[in-house]
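Have a look at this one.
To keep things simple, chains are lettered A, B, C, D, E, F, G and H as they appear, and every chain counts its residues starting from 1.
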Amino acid sequence: MKEIRIHGRGGQGVVTAAELLAIAAHADGKYAQAIPSFGSERMGAPVQAFVRISEEKILMRTHVYNPDFLIVQDATLIGAYDIFSGLKDGGYVLINSEKKPEEIKIEGNRFRVATVPATRIALEILQRPIPNTILIGAFAGLTGVVTLEGVKESIRHRFSGEIARKNEEAAEYAYKLVKGGQ
Amino acid sequence: MKEIRIHGRGGQGVVTAAELLAIAAHADGKYAQAIPSFGSERMGAPVQAFVRISEEKILMRTHVYNPDFLIVQDATLIGAYDIFSGLKDGGYVLINSEKKPEEIKIEGNRFRVATVPATRIALEILQRPIPNTILIGAFAGLTGVVTLEGVKESIRHRFSGEIARKNEEAAEYAYKLVKGGQ
Amino acid sequence: MYQIGVSQPYNNNLFAPGHTACAGCGQSLAARLVLNALGPNVIVANATGCLEVFSSNFPQSSWEVPWIHSLFENTPAVASGIEAALKALGREDEAIVVAQGGDGGFADIGFGALSGAIERGHNILFIVYDNEAYMNTGVQRSGLTPFDASTTTSPAGGCSFGNPTDKKPVAQIVAAHGAPYVAVTSVGYYRDLERKVQKAAGIKGPKFLQIHVPCPLGWGHDTSLTIKIARLAVQTGLYPLFEMENGEITSVVKITPKPRPVEDYLKPQARFRHLFKPGAEEELKKIQAIADENIRRYKLYEG
Amino acid sequence: MYQIGVSQPYNNNLFAPGHTACAGCGQSLAARLVLNALGPNVIVANATGCLEVFSSNFPQSSWEVPWIHSLFENTPAVASGIEAALKALGREDEAIVVAQGGDGGFADIGFGALSGAIERGHNILFIVYDNEAYMNTGVQRSGLTPFDASTTTSPAGGCSFGNPTDKKPVAQIVAAHGAPYVAVTSVGYYRDLERKVQKAAGIKGPKFLQIHVPCPLGWGHDTSLTIKIARLAVQTGLYPLFEMENGEITSVVKITPKPRPVEDYLKPQARFRHLFKPGAEEELKKIQAIADENIRRYKLYEG
Amino acid sequence: MDQVRKTVVLEGSRGVAEAVRLCRPNVIAAYPITPQTHIVENLSQMVADGLLKAENIRVESEHSAASAVLGASAAGARAYTATTSQGFLLMLEVLYNMAGLRLPVVLTAVNRGISAPLTIHNDIQDSLAARDTGFVQLYAEDNQEALDMHIQAFKIAEDHRVLLPVLIGMDGFILTHSFEPVSLPTQEEVDEFLPPYKPVFYLTPKAPLTMGTKTDPEFYTEARYMLHKAQQNARQVIVEVAQEFKEKFGRFSGDLIDTYLTEDAEIIFVSMGSLVSNLRAIAQELRQEGKKVGVLKIRAFRPFPFEEIVRAISGAKIVIVMEKDISLGATGVLAQEIRAAFYGKANVPRLSGFVVGLGGRDVTRETVLKGLRLAQESDHLCTFLDLNPELLEEV
Amino acid sequence: MDQVRKTVVLEGSRGVAEAVRLCRPNVIAAYPITPQTHIVENLSQMVADGLLKAENIRVESEHSAASAVLGASAAGARAYTATTSQGFLLMLEVLYNMAGLRLPVVLTAVNRGISAPLTIHNDIQDSLAARDTGFVQLYAEDNQEALDMHIQAFKIAEDHRVLLPVLIGMDGFILTHSFEPVSLPTQEEVDEFLPPYKPVFYLTPKAPLTMGTKTDPEFYTEARYMLHKAQQNARQVIVEVAQEFKEKFGRFSGDLIDTYLTEDAEIIFVSMGSLVSNLRAIAQELRQEGKKVGVLKIRAFRPFPFEEIVRAISGAKIVIVMEKDISLGATGVLAQEIRAAFYGKANVPRLSGFVVGLGGRDVTRETVLKGLRLAQESDHLCTFLDLNPELLEEV
Amino acid sequence: MKITLGGVAAPGSSRLNKTGGWRVFYPEFLHIRCTDCGLCQKLCPEGCIFKADKKNFYADLEYCKGCGICAEECPVHDIEMRPEVR
Amino acid sequence: MKITLGGVAAPGSSRLNKTGGWRVFYPEFLHIRCTDCGLCQKLCPEGCIFKADKKNFYADLEYCKGCGICAEECPVHDIEMRPEVR
């Protein structure tokens, strides 16, 4: 079972990202679960969501405390909150940032860090600063936990028409970007 | 323990009669309990109340099913409702009526019946058709279960001023009437 | 379908006798007049209160029409559900939906539900039987209890002349919601009552009727005076009868030949008895002022 | 007495930062303006809703004044108890009692309690922060949601242009209760707001303030436009600002230089986005008609 | 009039009103509902006559009655309300809130059945619906106890170890409307017993604070635990207050439970409220017939007296729970809690649970004796006594 | 879109909304409250888009939501509502009434803690407050079960042997807001399984009748007894419907209880709702460590499955009840009822009751293992797990 | 009689409850001055005044509670309340 | 920290919650055209604009959420929103 934790801020589509990941995994033939951690948080306040992906039915419904993967939709969270808490040694961290991974300061050197300028890509391709499909695409490319096809299917399932098409494009772009970059 | 059931109609002061009896017994140094049987009855509808009088503390709080005494504030109830239900053989029935006891039709001949024209007396002495203090006075005279002094004290306790005085007078009148009549 | 008895109405009334209202109850009379004016194609939701209690004591019922009682405070919401069900099931034309209750049930505890139902615009006829207190529970003060009336929770006493506030202007409040039809009538004016009931029934949307119904028990007047007292309330100016359509007053029942002093109305009622003891003169003046203000405001009399 | 921290107000505000309202929240701004206008000698009872949730997350509070939250629907009743307690304990002069909440909390679910408290005549200042929907729970329709606004429970859709009813005229309804002072103001007009708050505070008895507070999240406008949007609501005639004293309108905020078309107000807001798609032209006309009627009725502009 | 203590025949409701008056509440808010009305009417008359200096808020509903006393208590006042049945249910959300806010309001829960079908008559389905709220729940057997309990209730509620609202269950009509002799304490005595309410905190601009916060998962559990603990503390406080009351007024009005002839009893009836009184009378009778019968009264239903109950009845052969309530689809509530109290205990008596007296059906000698007979034959999970077979369809 | 049955990843709330849509309710009335909102919002969108032909009454409160569906059901409509927490409590008076009137409304009781202090997070204190109302209560473990239960619920409620409202408990956020794959039935399948509602009686001028009468003491007891009996009938009906559902949809969604690895288990966890899912996962793990652990799920809390529970767990050495609720001043509600169920039984296992997960505190593997350890050491009447000692004052 | 589901009752069945026993006075219809106005029938709270014929009204004493409204309201005083003798 | 009775909280204690991290844009006070009107200070929803001196306003960035109202409302455009760089 793979466990993923997504960090972002209210209004950035953190829950949708988790949902998309779960749908993608399902499309790939796996079992998946997405759990948002809700408070009464409003636009701008930090939020989290959890995803579990497994070959078998998932029974555990707690939050994810020891994720294998971290997706950080908003780099300003780093430092302000302890977002790396519980991340497994050697775990992946995918960050929405213009910076290079080396420029991101994380205590200890226990994680594999990747960055993707998702907001910029979103503004370019989608004309809106919603980075989630791009991050999911990058996540697929980076980790292989879900496939690009799964991601694209999840986007088609969740959105429709022109918006779906553009998001597919954006996800694929990010997928290729990280593939190329590795 | 003596058990009394009072029958009347909503608006005729049945509950007050029961209360007065209990206060009178208490004034006589006995223990007493008065229990109204309430429904959503309105003016005119038949109502009942129960009184228990004893030398000792009374624990039983049910309705009275086998009374020793019956006080009937409204003779029109006779026949229309089974008001004699459960009355002990040889039990006393005191009826507010202009008629003579013999004129009252009661099946079987198992009870001791007395009548008193309480409404008329009430109209005369109190200028209001509320028969209850008169019946209580008569009850005292007839049965000795409470004393006249007790009855008068209960009236003073419950009413005040001119109204109390007149009701005392009315009760005493009825007390003497039945004493004389026996 | 579960069949529980069929019957022919008694004396052509849709509200049957055998109910246990007090003798001379204005509300029982008004309920019969209302139903007869509406006819059998109604569904009635009724709040807890005298009307409900004296008409539906299991296994008996005085209602010849489909009728439901749920609780005290939720009748307009229950009626909303009934109205919606008829719509959803394509049965809108089957019945006029009526929600009715006392002043307490509609103007106090159920006012939130009433306000909500009116705001949503349901096609319901709301009827308040205004006997100016919580009678079913033994004459406690309601928002519609008039100024200085003695009730068991606003009793006259050493430091009190009775109810310290005047009647909540519930018809005006409902009109302010934007209800298309609002009317105040009285059991003392049965033709006015019947006309307003029928007019209301013909209007789509939420409509509201307030009916003044004297209560011999709670007001302490002779049972035979129910109609007289109701008329005196109007003739003194203490209970203006009017219609409001889309927020505007469109008719009033005029006082003729001229307004009676409020004492004529107050005196026969035990709830105002304390106002006729020495020291209450000022209070009577305040009540007269209320009547005068009504006469002015509703133009009940131009003398 | 249980002491839990003492603090000097931040920047002379009686409503502290660190609250978790969305950026640009009109309600958080209004709450601060209200408190600063009232000063520290108040006791506030607050209904459940955004304002409560973003200001009182244990162990933190943004309130520098004594403040209580009990439930969603009972705030006017809680305030009634507070007011009575102050009276009974001889502490009337200690504080102005304020009962506040959202449009949902006061005009819908808590309206029964509000109506009751006003009817009883308590000396309380009632404040409704009108953001025109249930925002705290995610933008559901309330009785104060405007006509055709898309909310999550009155969404635009294949068979729907959004909310089918217009705003419940709650200020008018409260005025019809006989409340001595009723006013509508807006966070877009802070001087008007401050004046009305202070005027209300000086009046004895129940007084009622309704404040228009744009909600960038629920209305879908840019966070920086909160004040602009609030002004446009007034300048189009869709949100008349007025005062009513003893039931009569005593002042209105006039539109200058002249009314703006409703589109100016609607367009920047996502909740009206569907009205700018083909096929919705009639709907825009209906909204313009609402504005025109307001202008006429309240004499907002004599052009 | 309060100078000398006296014994007078009073209606139960009047007795309660006198007790409340003697406790000097600052704020009263109640909404009329049969059979609670006489209490509130008596209090209203006292206020109208200047005998009680209190604000009497004539609220528009029970929801607002509860909310108003909540607000009053939060502002530092001693506050009182009373209700029953439908009104009680309408208050429930507020009652949970009041307990959670730790406001020591006293509430008379006149006991009446609940709708549908509508009944105005007695049973205790109503106040049992509040058994999870955090309210301390005491049930009165007779009018003297009801009167005494009210005076004790304020003291228990306001004890800083408790700080919870207290409800007093009092059987509708059976107690509220019946007349019997009660001893009325004097104002002086009550003032000595019950000093003015000293809140730990309250709403005042002199020391602003925020009440009624929202909690995230990190805090909520502890807040609930504190409530549960306050309930545990109440066990001790109820006993102490009972003792102190006895010292002051010369009457022991009982603490968590009360036992009657249980010591050597083979059969023990268990109940709450006025039914206990009937059971005492019947036990007396049966004793005279030589039957070893006793009665256990549950006086405090919350906090629930687990240990006390087990101690009191585990010596019996048969325990018979008679109760005027039913958790539909399960069993009587009292029977359920008593059964649970015995879990894992050594000497477990046979136990039968009977539902009686719903909606005002009189619980007579015959009812009780029928229960006794049935319980001797076999154990009953939850049997309704006195059902009228003629009324029942075979469904 | 409903032509072929399909498995899709859906938010729990959406799954419920789809299930409700497939049941073709005529009237929906619900008031928004977190975390029930998404269900109602989805239904509103379906109505706005013409996918669901129903009247959607946007009531002004939960009290009115319950009252409106009551009225709709009385008029012969299939009616649905949903709520949680404060809203649920505000409905309570109406819920008693609805059951008493025998109206087969279906209600989704999203589960959330109750105030004070305010929490929007999950536990099941709310719907347990309705355990006496007469409602049938089912609790869902996962989103598939929640979806299936709704389809079954209408059938159970409307069965003429039952005619009671049914509530489905569904953990707030944990289920309502989580996404997982569910199989969506087709409209055709559901139509076959669930025919249109045929009321025994309803409000219509075609056959006038009087609903909601007042009863005197001669009748009330029998009316309540009929309700209790309908609850007993529901035992059978729930099982039948589960069977029929399986035949139609190929999925057994469970009846009164469900057991997991209990057969030879020495230790059995008991719980309700989504926590059961966690317990299964932990039991699996512990089994792998060779520990004989099983899980009992209470699916139907009303009617309460006394016999089924005793049968399922009396073979165990230790029973551990884990529950997200507390009857303040007593114990956890589930533990109490389970203890009571064993009264007088022969093989009584050791039993501990733990209160966990209040107000959204996550019930983790560690929480459960701590409970296991404690229960092995000694029996716990009612112990809160995961208390943060730093937060607790010594009071 | 069986208890019904939810306590449903039959329409108009309160007719079984004869409230005539409540009466202390009964209305005597004099049949002298009657103008056939129908007011008595309209205003009887029990709805128990019948019209047998033109100008011939009578009260059904099975239900009449003796309130006296008919007598009070009859414009021509053609109804009188008399004490009930039973 | 202890849980308090009934969850009582201290006045103004939300100041512990620094909401500056929410910001995506921050307001730059240009101090060029400022007329000292005080509108920005009045209309900031966080109440976090201070006046250091005459015509010298600044935002406390510990709390500023970057809503942009101050910039939008400044009558003389003396405040500009700039992207946050972190």
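FYI, a contact is a pair of C-beta atoms (placed from the backbone, for glycine too) under 8 Å apart; a residue touches a chain by one contact, two chains touch by 3 or more.
Note that the structure is predicted; figures quoted are calculated from it, not measured.
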item	value
Where chain F and chain G overlap in contact partners, by chain label	C, E
Chain separated most widely from chain D, comparing mean CA positions	B
D-H compared against A-D, more contacting pairs	D-H
Cα-centroid distance, chain C relative to chain G, in whole angstrom	23
Averaged-CA centre spacing for the pair chain D and chain B, given as whole angstrom	63
Separation of mean Cα positions, chain E and chain D [Å, integer]	42
Averaged-CA centre spacing for the pair chain H and chain B, given as whole angstrom	81
Of all residues in chain A, the ones touching two or more other chains	39-40, 44-45
Multi-chain contact residues (two or more partners), chain E	34, 58, 60-61, 86, 90, 93, 97, 100-101, 115-118, 120, 200-201, 208-216, 219, 222-223, 226, 362, 391-393
Per-residue multi-chain contacts in chain H, two or more chains	1, 3, 5-11, 19, 22-23, 65
Full enumeration of touching chain pairs	A-D, A-F, A-H, B-C, B-E, B-G, C-D, C-E, C-F, C-G, D-E, D-F, D-H, E-F, E-G, E-H, F-G, F-H
Residue ranges of chain H in contact with chain D within the complex	1, 4-5, 7-19, 22-23, 42-50, 60, 63, 65-69, 71-73, 81
Residues on chain F engaged by chain C in the complex (per definition of touch)	26-27, 29, 53-55, 57-61, 63-77, 79, 93-94, 97, 101, 199-201, 203-216, 219
Touching residues on chain D, where the partner in the complex is chain H	2, 4-7, 9-11, 13, 15-26, 28-29, 32-33, 55-65, 190, 216, 222-228
Interface residues, chain D side, partner chain E - complex	1-4, 40-43, 45, 52-53, 56-59, 61, 63-71, 73-74, 76-82, 84-89, 91, 94-95, 112-113, 115-117, 119-120
Contact set on chain G toward chain F in their complex	3, 5-11
